[in-house]
Amino acid sequence: MTEAPLGRRLCELTRNVESGGYRIFSVLDADGPEPAPGQFCMLATERGWGGEDGRPYLARAFSVAGAEGQGGGVRLDFLVHGVGPGTDRLASLEQGERLWVTGPLGIGFSGPRELAPDAAGAILVGGGIGVAPLAIWRRALLAAGTPTRVLLGYRDRERSGGLDLFDCSEIRLASEDGHAGHRGYVTDLLAVLLEGDDASSAAVYACGPPAMLEAVRALCLEREVACELAMEAPMGCGFGACFGCAVPLAAGGYMRLCVEGPVVRADRVETALVAGSGH
Amino acid sequence: MGAPASLELCGLELSHPVINGSGTFDAIAARGVFGDALLSSFPFSAYVSKTITPEQRAGNPPPRLWETPSGLINSIGLPNRGLDGFLEGDLPKLAELPVPLIVSVMATSHGEFARLVEGVSPRAEVAALELNISCPNVESGLVVGESPEEAAALLGLLRPLTEKPLIVKLTPNAHPAPVALAVEAGGADAVSLINTLRSTAVAPGGAGPWLGGERGGLSGPAVRAVALSQVAEVADAVSIPVIGMGGIARGGHALDFIRAGATAVAVGTESFRDPGAGARVARELAAEVDAEGLESAAAARGTFGQRGPDRPENLSQNP
Amino acid sequence: MGAPASLELCGLELSHPVINGSGTFDAIAARGVFGDALLSSFPFSAYVSKTITPEQRAGNPPPRLWETPSGLINSIGLPNRGLDGFLEGDLPKLAELPVPLIVSVMATSHGEFARLVEGVSPRAEVAALELNISCPNVESGLVVGESPEEAAALLGLLRPLTEKPLIVKLTPNAHPAPVALAVEAGGADAVSLINTLRSTAVAPGGAGPWLGGERGGLSGPAVRAVALSQVAEVADAVSIPVIGMGGIARGGHALDFIRAGATAVAVGTESFRDPGAGARVARELAAEVDAEGLESAAAARGTFGQRGPDRPENLSQNP
Amino acid sequence: MTEAPLGRRLCELTRNVESGGYRIFSVLDADGPEPAPGQFCMLATERGWGGEDGRPYLARAFSVAGAEGQGGGVRLDFLVHGVGPGTDRLASLEQGERLWVTGPLGIGFSGPRELAPDAAGAILVGGGIGVAPLAIWRRALLAAGTPTRVLLGYRDRERSGGLDLFDCSEIRLASEDGHAGHRGYVTDLLAVLLEGDDASSAAVYACGPPAMLEAVRALCLEREVACELAMEAPMGCGFGACFGCAVPLAAGGYMRLCVEGPVVRADRVETALVAGSGH
């Protein structure tokens, strides 16, 4: 994985646009390296962090959704959904404001063949805000010529953003309210795919709410499909210092998701329903 | 920036006064994340390990963190590989750090505490030991760090077992000065404080405690004013060096703790927000020392207590 | 908003669960500032006076305040007119308030404490007394609120002197549960907590302590997580009602304290930011109670403690 | 004095303009009464109160510098100088943002004749940001036909605002750097005035930094000129609740400046150099 510079650095916001109820924002990282797909950063705004209730206090974890080397550094794209003081503040950022960025952090995705010798293709399964790391991963797969299918699920029209990050037309959609694509869960689409040949020839990569991840995990374990989950846990630091991001392991005990994840093999964890994560 | 920042802390040579709080910086994990830059620009002038216990511990079930106004509650539960795992797995890696190593140990009985000290202290890589006494003595049922008698008894047992410096980490949940005096009398080389303040949070929706461990410890800027008061009290009481911590986020805060009597300071939670916080605080501290025209941070030590005789009649706890 | 908010607190009928913290709302001064609106929309369901002492006190020299991250240190020093001044000057005005009056008293000896109780409790205007025991007993040198024995002795003396409810305000600078048990056994009708946490601040520039009183007490959101933990511990330990406070700023916070076992809550520092905070918190609390489908705030009481048996192995202070 | 509504209220910012290094901002108070000259309000912004360091936490005290009933309520004018987190945040307010206002609070100025039977006129002595309450007082004196002289002192050009609040030309200026008017202290101007007849026929009203107030106090006491000072002390609440704003009295003991002041007779206080106030 890509190593992070030691210390946080102040980066400028270059863009913040609406996307289906979410915001996509970009920062220009003058010093940082290009992250690997699946890695994340800890973000805090320079001003207006804290607030009437003294929160947000710690930085917040965000998957890198896109990255591109360009004049003056690397552009990092993030997708955010306001669910609390930290995400609300980030969603309100204006161009020219500055952010504290620590990262890139964590372990990203493995190629299909690293997960299973027969896996020639990839199936990406995203739910809600969880589509973020799949966007950058999809580009890398595309660049490597790996056949890739993308299944994305949303709850409703108000929370259905991030499609703009996938510059391709071959996405299958599901929505719980039926406003786009299949009415129901994205895991319904995955189940159908896994009925066919894909089960043995593809690896599954999923990111989304805990319940969705748990359903993907169960589906893949049952069918013995190689699968990686990009998980969430409450993170205090993002670089292994606080031991806050404990995720229970199938073998017993816990791992720190920030340094042993956030991308983990589905069979390694006891559950994707990590207490304290998701909203 | 002419001020010489180096100092001696109970026999350890430190290049500046800022170390880390135990359990708030995992140098081994950080080396994986930040690479060799961690060694070439190590943020702290000494490294304090996460507390180890005799046997390995998985730690508390999640959630382990809760953010409060200007603070953090943690309920980590001391996950660690146990004494043997530490000596075999961690110690060789920690020995590569460019700064003195202080190993934090904790046990719930005299015998187990002795086993830790006897296991850790002979190792050449170890410069000093920190005794985390925010723990019950299972034999007496009392929390060692809340009882001068318990603390004295523990020091009586451990002091003869090692010639390395023993730093005692005090708990802030009881008045620390009597305990500090007891461990000083028992031969401690330094004391450090504050550990976290006992605290808790209700799960959103009200389904019981949020934390898997039910109770946790509060740290960060929210506790700084309490820490400063306790550090001043302890530094007034003892002659051994005091390592002050609790909510330090900037150089000015570090200077405040030194004014209150600390010889060195530790940065804990602020490292979570900024992995380079230790070095930054040291830099800012040097700049403050310069700006105030002081010869060194040490020149400010204890000035807080020298206010003169016009103390108001004080009704103790009542501010 | 159908939830009936009224309740009974050791014999007092309260129209909602939110009262004020002693020393954080001066109803007499506020009436001058806000006029009769104060009487028609009094923010609290009972009024707790600022602590009075046997003799008049001017209070500490300024500065008396220091703002901390999400909190406030105060070093006021209990200015008050003394028992006689209170009875003559203040009591008639406080009697005009539309809610029950609780008088907070504090002294440094048994005799003086008895004098206060005997002076205050016969007055018909007084519904209950709060004993502020965050003070030293000059006879023993111990802080009454930090010692179960001292607290029990004080209750043994005062309980026979009055039939009015005695509420004991506990100090948070030592574990409050043993003291709470002692005063319950001694006949206290309720306990209240937390008082402020001992703390201090360095003057900008470093010229000693900022506060005229040198040390002060921390309050506000910064202490809420500590307060919640102490309230839960005390409520677990005793059967008498608990009045919870410490950093309550919104209805949700009040509900958290009730879940942790409080029967009523008090708003202190938040009133400084919003003179109508008491009424607002009560309103928000009622709305939260409704939104959660509870019959009343009381239905949530103590749910925090009922988490089930899967408690992790806990190393006491070590989170 | 004017009574305040019970509770803080949310008011909209209608203006925020630069003035000689300070900012003049106005809020529209829909419900509040018109303050008396010398009264103050406790202010906090609705958003962005708090910050990376968890401060400002409490509201901050500001003298009302102007007030005018108009459509939809009362316009309140304030003058602010950024010296810390609270004043910085207020100085950065943008039109349409909202503030929490508590007030009007405290005891304002007394008419000259209330202070001394022979005092037919008024001398206003302002220093720096302390010119604020004198502006509204001057208008009231003007409306009452009271002869009034205005002496204002500033440290330097960077801190010399608020003149715009005095819509009159008859101001005598002093500045420590000599950029305008007399080079020196405003109290030099006052001393000259008090050499003449004014000493017995006018009352002095002063507001400014503690050292200036103390000098005015000494001058007036010496010459037995009636004098009121609009003082400052660190305030936690502004309405008598916290006992934080203690000012030592000449007779011994303390008063609460927020309810017994902020305007006080010069001979009532032991000193204007209140520990913890001023900057």
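In order of appearance the chains are A, B, C and D, and numbering begins at 1 in each one.
By definition in this document, a residue touches a chain if its C-beta (ideal position, glycine included) is under 8 Å from a C-beta of that chain, and two chains touch if they have at least 3 such contacts.
Since the structure is predicted, the reported quantities are computational estimates derived from the model, not experimental observations.
*Asks:* If you walk from chain to touching chain, how few steps can bring you from chain A to chain D?
*Replies:* The fewest touching-chain steps linking chain A to chain D number 1.
*Asks:* How many angstrom between the C-alpha centroids of chain C and chain A?
*Replies:* Here chain A and chain C have centroids separated by 47 Å.
*Asks:* Where the CA atoms of chain C average out and where those of chain D average out, how many Å apart are those spots?
*Replies:* 35
*Asks:* How many angstrom lie between the centres of chain B and chain C, each centre taken as the mean Cα position?
*Replies:* Between these chains, centre-to-centre, one finds 32 Å.
*Asks:* Note the residues in chain A that touch 2 or more other chains, in rising order.
*Replies:* Correct list: 50, 53-54, 57.
*Asks:* By the touch rule stated above, which residues of chain C touch at least two different other chains?
*Replies:* 60-61, 68-71, 74, 76, 212, 220-222, in rising order.
*Asks:* Taking the touch definition from the header, please name the shape of the chain graph: line, ring, star, complete or other.
*Replies:* Contact map by chain: complete.
*Asks:* Quick one: which bits of chain C touch chain D in the complex? Just the residue numbers, please.
*Replies:* 23-26, 28-30, 32-35, 37-38, 41, 43, 50, 58-65, 67-72, 74, 76, 79, 210, 212, 220-222, 271-276, 279-280
*Asks:* Name, in rising order, each residue of chain B that touches chain D in their complex.
*Replies:* Checking each residue of chain B against chain D gives 69-70, 221-222, 249.
*Asks:* Residues of chain D touching chain C in their complex?
*Replies:* 3-8, 44, 50, 53-59, 100, 102, 105, 233-237, 239-248, 252-254, 256, 259, 274-276
*Asks:* How about chain C: which of its residues touch chain B in the complex?
*Replies:* 51, 53, 60-61, 66, 68-71, 73-78, 106, 108, 132, 134-136, 143, 145-146, 171, 173-175, 195-202, 205-209, 211-218, 220-226, 228-230, 232, 247, 255-256, 259-260, 292, 300, 303-308, 311-319
*Asks:* Would you pull the chain D residues touching chain B in the complex into a rising list?
*Replies:* By the definition above, chain D touches chain B via 53-54.
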